[in-house]
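Here chain A shows up in two complexes: once beside chain B, once beside chain C.
Moving on to the complex of A and B:
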C-alpha cells in the first residue's frame, strides 16, 4: 500500500497543534510506518513543501503575506486541506482584539517605535481565503481527534462528524453544571463538544476553545448570561477569546 | 406475622447481605456535589434520602458511549467481557418505571444483546421517596419493576420481595428482618408516572408556547441526556491506525440538528420540529409503544434546563392534566 503523503505546517500560531501530534506517543510509531511525512518543518529538516500531498494539516491564523503564500501553496499541492486547530478554523487567540487599536498601533507596541514594521494584517481563518476539507477544533486539539483523522485518511475517508455541544458530554460525565449551579460564565451550550468536557470536569467553566456548535442559539446564551448578572462587555470578551465575530442575534 | 420490618439500625447489615448479589451501587455525592449512582464501598457514602441523581440509572444499561465491535482483516469481534453483577440500591419508583420502559424498548421483539446482558446482571432494590418541587409523578408508591422494595417508615423500612431474586434477598437477610405491626403500603399495579398519554395531534397545536420554546431552547441536550427513558443512540465507525477499526454506540439527542439528518435532507430541519418530535415521543409514544407515555415524572428535565422549558405546559394550557 502506498503511504499517505502528509504536510504538517503552521502559520501564525504557537505550534501547540503540531505539538499535539508529536504528543501522540503511543501512535507515533504507527504514524511513521504508514505515512510519509513529506513536509513537517517543526519535526524534521529537509522537507519538500511543493508536495504533492494527500493531506496538509495546517495550524495557525493567516496574518502575513508569507502566511497567505504558504496557505495557497499548500492548498494547491494537497488533495485535502485540514484547518488544524481553532486559529486555522476561526482565527483563535491571535484574532482576539479590543476593537479599538489599529493594526499599526499593535505592531508599534510589539516591535517598538523605531525601524520598519513587518507586513501584517488582521489574523483571519483559512476559510476567508481557501476551501477547507476538514477541521480539527480545539486550543489545543484533542489527541483522539488527530489520531481519528489520520486513521480515517489511511482508510481513504474522513471521520464521522460530531455535532453536539459541550453540555452533552458534561452532563453525561455527571459534572456539576457551572452555569446553573455556580452561576459561572460558561459557554458550554454554544460550543462544539468532543473534548469530553475537559475543563468543566475540573471545575473550570467552558471558555469556548472549540468554537461554535452547529446552529448555536447565540442570542439565548447571551440572554441567559445577562440574566445571571454578567455584563455585555464581559460576555463578549469571553466569547471573542477564541473566535471573533459572533452573531449575537443568531438563534439557529 | 410475616417478618418484613428492617430496623434503620440494621440497614448496614442489610447492605452487606446485598453484596452477595453483586457489587453494591447506590446514590452518593461526588466531590463536586453532584448526586450520582456509584459504587458504595462504605455505607456512610450512601444517600438514602436523596432527591434525584443527575444521570438516571439508564447508564448501567445503556452507557453514554460503548464499543459494539471491533473489526480487522475482514473479520469482526464483539467485546467478550461479560458485564459485572451489580445491585442497584435505593432506586426511586420513577427510576424503576424508567427502567421498565427501557425494558419494553430493548427487550421487546428485537432484543438488544448488550442491554439484555447488562439487564440480566442487574438486581434492583427500590426505596420510597419524598417528592420535591421538580417532581411530578402521581404514584410514588409504585414498586412494580424491582426485585425488592424498601418502604420507609418511622424507624426503618418495610421490606417486600417482588421477584425470585427478591425472595433470595429476603432469605439472605432473614435474621435482620423482624415482625412488624405496621401494615405494608399497598403497591400500585401500574408504574408511577406524572403524565397521562397525550393526543399525538397536540404536537401540531397552535399554542404560542411552541415558538417561545423553539426560540429559547439552547439545544444543550441536557433534558434528554438526563432523562431516564431517552434512549436514542447514534452508531459510528472509527478506523484505527493499524488498519482495523471500532464501531461505537453513543447517546444521541433529538434536540440536535443531526438527529433527523439523512443524505441530502433533514426530517426535522428546525428546532421547532425537533421540540414537536420530542413531545410526540415523550408524551404520546410511537409505534409499537404508541399511547404509552415515557415520562416518569422524575423532574430531571425541569431541573437541568438552563432556560426553564417544561413541555408539559403545552398540554396544561390545552386543557390537559398537569399534576404540579
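Moving on to the complex of A and C:
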C-alpha cells in the first residue's frame, strides 16, 4: 500500500496544533511509519511544499499575503485540506478584535506610529478563501481527534461528524454546573463538544476554544449570562476570544 | 560580483524564519536573520481586556512556551493586584514549569537537533535509522507531558493554574502516579547528555554576555536579572535596561540589554551557578569544562543537563506536594484596582518578561511581553555572521547547514519573538 502523503504546516499561529501531533507520544512512531511527511518544516528539513499531498493539515489564521500564498499553494497541492485547529477554522485568538479595531490600529500600537508596518490584514479563517474538507477544532486540538483523523485517512475516509455542546459531555461526567450552580461565565451550552468537558472538569469555565456548536442557542446563553449579572461587554469579549462575529439573536 | 545565499524556510524550529547571506565573491559581507512570522499583536489585543482574562489569552502566544507564558502572566497580574498565593499553589506552578522544561528540551534535543548529529533530515528518517533513540526521546518527553496533563489539565495552554490558586486540587492517587512515572523516567533523563556532548565542529564564536534570573531557592520568587559576571538589575526596572529597536528585515524587535547583545537560555543559566539537583550536579561537574566560558555551541548540552535537573526537581516537588496533602486552592476573587505588575520567569529558551498596567476597573491599559528569542536575536545575528565569515570559501551547502545548526543551538521560538513593546 502506498503511504499517505501529508503536509503539516502553520500560518499565523502558535504552532500548538502541529505540536499536538508531536505530543502523541504513544502513536508518533506508528504515524511516522505509516505516513510520508512530504512537507513538515517544524520537524523535517528538505520538504517539498509543491506536494502532491493526500492531505494537508494546516493551522493558523490567514493574516498576511504570505499566509494567503501558502494557503493557496497547499490547497492546490493537496487532495484534502484540513483546517487544523480553531484559528484555521474560525480565526481564533488572532481575530478576537476584528469587530473592534482595524488592523492598522493594532499594528501601530505594537510597531509604533512612524515608519512602515508589516503587511497584515484582519485574521480570517480558511473558509473565507478556499474550500475546506475537514475541520479539527480546539485551542489546542484534542490528541484523540488528530489520531482519529489520521486513522480515517489511512482507511481512505474521514471521521464521523460530531455535533453536540460541551454540556453533553460535562453532564455525563457529573461535573458541578459552573453556569447554573456557580453562576460563572461558562460558554459550554454554545460550544462544540469533543473535549470531554476538559476545563469544567478541572473547575474552570468553558472559554469557548472549540468554536460554536451547530444550532447553538446563542440568544438563550446571552440571556442566562445577563440574568446572572454579567455585563454585555464582558460577555461579548469572552464570546469573541476564539471566534469573532456571533449572531446574538440566533435561537437555533 | 555580489550574490545572496538564502535559507528559506528555516526548518526544525518553531515558527517562520529565514537567513540571507550576502556574498562578494567568496567574502561574506553580511548575514540577515529574518524572523518573518506574521505579526501576532498580542500586546495590542490585550488592551481593553480584564485582568482575569490576560493569562488565558496571552499563553496563546506560543504553544511550546504556553506554560511559562501563563505562569509569568499570572505572576505579573498578581504583582499588579497584590495577590499572594499559597505554598501549594506556588509549588504546583513550579512543578508545571519543570514539566514544561522536560517536555520542551526533549522535543528540541531528540527531534529537532538529533537529526543534525545523525545526518538525517528530520523525525521521519530518524524513526527509520534510530528507532531506539526515538523511543527513548518519546519516553522522556512523555513524562514531561504527563505533568502538564495531570497538573495543568491540558498539555498545551494549561487551564488548571489560575489567578491566586488552582482550578482543582491534584488528588493523591494522581500525584502518586506522577511520582512513579518520574522515578521510572529518571535513568533515561540522566542519559540524555551523552548524546549531546559531541562538540560542534565549526569555528569558535564570539564570547556571549549571559543574561538570566539570579538563582534562588524559590525560582518563582527571583526578582533580579544578572548580566555577565557582575551586573544585575531588578526585573521591575527592566524598561531602563532593555532597549528595543525595529529592524527593516524582521518582525521581531532587536533588544539590547545594558547596551550589549545578551544571550539567554540554558547555557546562560548554568553560567550563573544555579543550585542543581543531585544527578544534574554530577553531570554538570563532569562536563563543566565544555560549558563554562564557552560559546552558544554548548547550549544543547546545557539543555540536556537542565532536562535531568528538571525531572529530578519535578520528583522532589511531587513528593513535597504529597506531604502537603490535597486541599482546595480556589482562585481568589481579587478586588480590581489600578496598578502595574511585572514578572520574569526562565522559559526553556531563556528569560521571559511580562508587564501589565490596569485601570481602576481592572481593565488592561498596557501590555508588554519580552521573549527569550527577541532577547537572543542580536546575539544570533552576530554569531551567524561570525560563523559565515569563519567558513568563507567553504561549499555553500556546508555553510548553510552549519548556519541552520547554529540557529538550533539557540532553540528559537519565532511565534514568541514577534511580540514587542510599543515604541
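The working rule: the second predicted complex is superposed on the first by the 245 of 252 C-alpha atoms of A that agree within 3 Å, B and C clash if a C-alpha of one lies under 4 Å from a C-alpha of the other, contacts with A are read in each partner's own complex, and residues count from 1 in each chain.
Quick note on the criterion: a residue touches a chain if its C-beta (ideal position, glycine included) is under 8 Å from a C-beta of that chain, and two chains touch if they have at least 3 such contacts.
Because the structure is a prediction, the values reported are computed rather than measured.
Visitor: Tell me which partner A:69 touches in the superposition: chain B (first), chain C (second), both or neither.
Guide: In the superposition, A:69 touches no partner, neither chain B nor chain C.
Visitor: Of the partners chain B and chain C, which touch A:247 in the superposed model: first, second, both, neither?
Guide: The answer is neither, since A:247 touches no partner chain.
Visitor: Of the two partner chains, chain B (first) and chain C (second), which one does A:46 touch, if any: first, second, both, or neither?
Guide: second
Visitor: Touching A:15, do we find chain B (first), chain C (second), both, or neither?
Guide: second
Visitor: Can you tell me whether chain B or chain C touches more residues on chain A?
Guide: C
Visitor: Have a look at where A:164 lands relative to chain B and chain C in the superposition and call it first, second, both or neither.
Guide: A:164 sits against chain B, while chain C stays out of touch.
Visitor: Is A:203 in contact with chain B, with chain C, with both, or with neither (first, second, both, neither)?
Guide: both
Visitor: Intersection of chain A residues contacting chain B with those contacting chain C?
Guide: Residues 203 of chain A touch both chain B and chain C.
Visitor: Flag every residue of chain A that touches chain B in the complex, lowest number first.
Guide: 27, 30-31, 34, 147-148, 150-152, 154-155, 157, 159-161, 163-165, 167-169, 171-177, 179-181, 188-190, 203, 213-215, 217, 220-221, 223-224, 251-252
Visitor: Which part of chain C faces chain A closely enough to touch in the complex?
Guide: My answer: residues 9-16, 36-41, 43-45, 47-50, 53, 56-57, 60-64, 66, 107, 111-112, 115, 121-124, 127, 131, 134-135, 138-139, 141-142, 145, 153-157, 159-160, 162, 167-168, 246, 251, 330, 404, 415, 419-423.
Visitor: Please output the residues of chain B touching chain A within their complex, sorted ascending.
Guide: Checking each residue of chain B against chain A gives 30, 32-34, 36, 53-55, 64, 215-222, 225-226, 236-243, 245, 251, 253, 256-258, 270-271, 304, 306-307.
Visitor: Contact residues on chain A for chain C in the complex?
Guide: Listed in rising order, the residues are 10-17, 19-20, 22-23, 25-26, 28-29, 32-33, 36-37, 40-47, 60, 63-64, 66-67, 92-94, 96-97, 100-101, 105-107, 109-113, 115, 118, 120, 139-140, 143, 198-199, 201-204, 207, 209, 234, 237-238, 241.
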